[in-house]
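Each of the next two complexes has chain A plus one more chain, namely chain B in the first and chain C in the second.
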Partner chain A sequence: MSTLKHVYLSNSSLFVNNKLVLRGENPIFAKFLKEVYLYNLSRYPKFYKMDALSKLAFVASEVLLKDYKHKHQAEEVGIILQNKSSTIIVDKKHQASISNREEYFPSPANFVYTLPNVMTGEICIRNGFKGENAVFIVPGFDAAFLMNYLQILFDNDKTKMMLGGFVDAGEDYYEAFMFIIDEQNYKEIQADQLYNLYKELKENAETS
Partner chain B sequence: MKNTDNKAYIISDAIISSLDFGSQKNMEALYAGKSGVKKIEDNSLYPHAFMGARIDDEKLNQCFSNISYLNQLPEDFEFTRFEKMAIVAMAGSYRTCEFPLHKKTLFILSTTKGNIDLLQDENIKKFGKERQMLWRTADVIKQFWGFENEAHVLSNACVSGVEAIALASQFLKAGLYDHAVVVGADMLSEFVVSGFMSFQSLSSKVCKPFDKDRDGLNLGEAAACVFMSTDKSYLDKKNEVVVVSGGASSNDSNHISGPSRTGDGQFFAISGALKEAGIKANEIDYVSAHGTATPYNDEMESKALTLAGLHNKPIHSLKAYFGHCLGAAGLVESVVVIRNLRDQRIIKSLGYKQNGLPLPLNIIEETKSWPLKNALKTASGFGGSNAAVIFSKIRKSTI
Partner chain C sequence: MDKLIQELKEEIIEALNLEDMEIDEIDEEQALFGDGLGLDSIDALELIVLLEKNYGIKIEDPKQGKDIFYSVKSMAEYITAHQK
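This part shows the complex of A and B:
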């Protein structure tokens, strides 16, 4: 697992490869997201247009990909993420905009974010990735299914590098676990080890 | 987990749509050129009339009560409309051939918004908050049938259905499962109708994919199921067998709500599917495109299909028949492709009269018999996602 670059973000804490690199001063999700965005110091105005889930996935991917060099073609790099709550925060916003006929103002800027795969789309746009893409909705991080699918993609030459992980956000919780896996290291990574790593990070974030 | 010699055979399928219930009846309606897109005046969906394709509620409830004997949950368990749609489609497939429910069966639900109507106050009271979660509704469907494995939900916008079939076939070919049941469902809801209205992407008429006067899409609702297996003993006595021979997904990496300007994203998905199938573009006999009838989507597809060298192949969109059924669209349209391969027929692209694309495509203008061996189904969606899957007809004597 030592070859797997990963980030974990939850409870106002940001871990890179198991190391706590940022402890947010503000417990509020939106403010912490901005802290991570500023910590990473990459200006990207589109960030401010994103919904909370895309922002979360985006900052995780920015930290993960910082200083990460690769020579793969656009179509050889993809993303597969899992998520539990789909786009519940922005879903509720859209629902609120249509629940009253006297104040009926559905917004396209909101509506477009009511799809969980928009977060992978944002990361692809930022980095020029054009490879395999998927979002699975799961009751909790399912390392076994994710690793099975990633291995199928690598074994059958469908990709050379992938971002994988679990990114989830609700009104009072958020969590992002994201890693880079490639044709060199994918065989070394076992699903149970990956799951244990995730559990360990989750516990560390809760006690940090 | 390199692909083994396993083949992902299509064993049975079902569609429930605005046209009819059952694959056969849907095919009859398509061959007769009928459209399920009608004027809908329903204040619970939208304050004004709009064009859409809706499933008949009475029929849905009737069908659901007819299959209640299959339900493994308590008799008084209350199912949502979305869950009924998915379950009825699955039952259609199950009646043709009973799929196994044990550990070797993968179960996938493809949807964008599932039980999204449960965000409304009165529904939260009735069903609780958790039921709105896609993993939870998938679990309810799983429990109805009594699958031993957990359900997996794929939610990748409008490409979900095509991608779900491709993904399931990968797991089968890799030997991780012997069987896969893939169901796709999405319904018309105030949530989705108001959202597309705010985008101003809905047409006020029956949509016209690839036509020069196309001016937007029609929303639809449907559910469809495909049961696949690597086990030859499930094949019926017919000599022709349809398999999933390749599939891939990709991203445009361009814009979250606008299609690629070059079509290269969709092209990469098509190339990936061709590579897995081990065939060249000239071996594709027809293409069932996404064809939403929005100006930009259809333009992008004309570029992607031209890049792939498929522009002279017979091409259609089925959106003027079913409307755009979002997470179910790829499943419904794939079932039509599978049936077309069996029937050796291609269906006219309803709503098309005159070329309206910068790079002209060979749009099917007449439903007719046509020799088919390999057929390509494509999809594109919000978030820049694309997917492609290839179905092939093979002779049973060769397997």
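This part shows the complex of A and C:
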């Protein structure tokens, strides 16, 4: 597991490889996301246009990929994420904008984010990744399912590097667990080890 | 007209989530799309909603959009001419 670069964000805390690197000053989710964005990441104005879920996945991927060198082709790099609450925050905003016939003004900018796989799209656009990308809605982080899926992708020889993880957000909770896995280390990583790592990070964030 | 231009700049920043931009950074004659502010097609839809929601103006002919939304100034001129 030592070869697996990973990040974890929750409860106003940002961990990189199990180390707390940023403790947010503001407990409000949106403000914490902005703090992480402004924390040593390159300027990307489109960040401000994203919904909360995409912002969360985006900042996690930016921290994860910062200073990470690789020589893989765009088609060889992909992203597989899991999520529990789909796009509930922006879904509610959209619902509110169409619930009153007299004030019927759905926002196109909100509507385009009412699919959870948009978060993988944002990361692919930012980094030019063109490999497999998908989001699976699951009851909670399912390491066995994810590792099985990733192993199938690596075994077909088209995939050389993947971002994997669990990114979820609701009105009063959020967490992002994301890691980089590649053709060199994927056979070393067992699903139960990955799940234990996730649990450990979650507990650390709750008590930090 | 100047008051409307200022108001539009504020509304555009809010509606399009241009959080890292100040009102003074938007030149009213600067192109909103392309090389100007760099807005995209979703932003164009947001501007159409903004015009209808805040000023009660519905654009009937989509072909007019290119001229109406060329700049903040062109938007203000269109609002002034069409607001009831």
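Definition applied: the second predicted complex is superposed on the first by the 208 of 208 C-alpha atoms of A that agree within 3 Å, B and C clash if a C-alpha of one lies under 4 Å from a C-alpha of the other, contacts with A are read in each partner's own complex, and residues count from 1 in each chain.
By our rule, a residue touches a chain if its C-beta (ideal position, glycine included) is under 8 Å from a C-beta of that chain, and two chains touch if they have at least 3 such contacts.
As the structure is a computational prediction, the values presented were derived from the model and not from experiment.
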Which of chain B and chain C A:Gln184 touches, first, second, both or neither: neither
Partner chain(s) touched by A:Asn18 [first = chain B, second = chain C, both, neither]: neither
Which of chain B and chain C A:Pro116 touches, first, second, both or neither: first
Touched partner set for A:Pro45, first chain B, second chain C, both or neither: second
Contacts of A:Ser208 with chain B and chain C, given as first, second, both or neither: neither
Partner contacting more residues of chain A (chain B vs chain C): B
First, second, both or neither for A:Thr3, with chain B first and chain C second: neither
Chain B versus chain C as contact partner of A:Pro108, first or second or both or neither: both
On chain A, positions contacted by chain B and by chain C: 106-108, 112
Complex contact set, residues of chain A against chain B: 74-75, 78-79, 84-86, 88, 91-92, 94-95, 97-99, 101, 104, 106-108, 111-112, 114-118, 120-122, 124-125, 127-139, 142, 145, 148-149, 151-153, 155-158
Touching residues on chain C, where the partner in the complex is chain A: 15-20, 38, 42-43, 45-46, 49, 52-53
Footprint of chain A on chain B - complex, ascending: 1-3, 47, 112-113, 116, 119-121, 132-136, 138-139, 150, 152-157, 163, 167, 170-171, 174, 176, 190-191, 194-199, 248-257, 264-265, 268, 271-272, 275-276, 381-385
Chain C partner contacts - residues on chain A that touch it in the complex: 43, 45, 48-49, 105-109, 112
